[in-house]
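Beneath this line is the structure, given in structure tokens, with notes to follow.
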Amino acid sequence: MLPPPIRYPRDPTTPVSHLPFSPSVVVGGLVFVSGQASVDPTGTIVADSFEGEFRRSIDNLARILAAAGSDLRHVVQTRNYVRDAADLPLYNKLYAEAFAAPYPARTTIVDCLPRDLRYEIEAVAVVCYPPLGCVAG
Amino acid sequence: MLPPPIRYPRDPTTPVSHLPFSPSVVVGGLVFVSGQASVDPTGTIVADSFEGEFRRSIDNLARILAAAGSDLRHVVQTRNYVRDAADLPLYNKLYAEAFAAPYPARTTIVDCLPRDLRYEIEAVAVVCYPPLGCVAG
Amino acid sequence: MLPPPIRYPRDPTTPVSHLPFSPSVVVGGLVFVSGQASVDPTGTIVADSFEGEFRRSIDNLARILAAAGSDLRHVVQTRNYVRDAADLPLYNKLYAEAFAAPYPARTTIVDCLPRDLRYEIEAVAVVCYPPLGCVAG
């Protein structure tokens, strides 16, 4: 049996980066998304308030999921890096608005981001097939 | 081809939380479990010794796996967050007792938990089908 | 339907450890690799420069992937722990040489390793079947 093919989706709307990683990698029915932060379409960090950085990160995640044939509703797991623990209440409020119930599995840790980032999110999602529509849980 | 269905197992014995995450999410043959810490059935943090927090976290993980149709023997990967590096020897001793050989793949990092938690564990497991029994390795 | 069998590949060339984890666990077409650091074949930490620790970690990862029937070209996701943010530029340079485009999905965090390690890498890869050769994306 051959291994399942690996896909590296790219799309003009997803941020590029000069760093050695793919925005996402698809294998089998899953897409693994690289840690997404507050960067512009050229991959340059955009320093902002926690809310601004959070929204830009989620927007980048959504674009990358779309390029891979998935969306925020098909995320099964997220790992979240919040630089300052003081931002956790705001993080939980914004997160509840960005995703919808039933929510993905989630882990959140703090104090482990470089000083130029306030937030980063990494995700695993199910790939859906747009011609047939995406089915939710 | 439709994406595989996503399940969000819930059970009266698993801790609830007012925060925006599911205890676990099942897709294909895998269950992704949210980071588990020392919380009671209402999701309230129970401050305790490292050993107490570790045992409560593993107990919560075991309940959530059971609700998803899996168990500790079918965990394939864990990611462990130990707040204080000084607790690593005790962590390794307790971990070796909580799991059984052959052990899951594991990563352990430190200094990245909020101050009100000493330990947290996140897991990926294989879903087993209780009517047929679970097969090990 | 029975759960997919879980395999625990071991090989004389992969580092051993007295700690409670398997070097890798294979389920379905995926291999989950434990966090790899600068350790010798007996699992003893080898303190070194960042570059030395990085190369030893990647070498250990490559050996473990080979024992599981995979290789660095079939890694789909890595999670990287760099102790000191000051080492990030060197990390990116070495990482771009260790892997090849198209790169895996990647996340990198800092300040969360015990003081006796400068680097650690955790990976998920696709298992390939050597009798038939490995197919790249």
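Quick notes on this structure:
Each chain carries a letter (A, B and C) given by its place in the written order, and its residues are counted from 1.
Throughout what follows, contacts are C-beta pairs under 8 Å (C-beta built on N, C-alpha and C of every residue); 3 or more make two chains touch, one makes a residue touch a chain.
Being a predicted model, the structure only gives us computed values, none of them experimental.
Taken over every residue number at the interface, the positions common to subunit A and subunit B amount to under half, indicating a different-residue contact.
Fitting subunit A to subunit C on Cα positions gives a rotation angle of 120°, stated in steps of 5. Note on chain placement: the centre of subunit A and the centre of subunit B lie 22 Å apart, centres being C-alpha means. Residue positions of subunit B touching 2 or more other chains: 28, 79, 109, 111-112. Those residues of subunit B that touch subunit A in the complex are listed here as 1-8, 19-25, 27-28, 32-35, 79, 81, 109, 111-115, 120, 122. Residues of subunit B touching subunit C in their complex: 28-30, 74, 76-77, 79, 85, 88, 92, 95-96, 99, 101-112, 124, 126-129, 132, 134-137.
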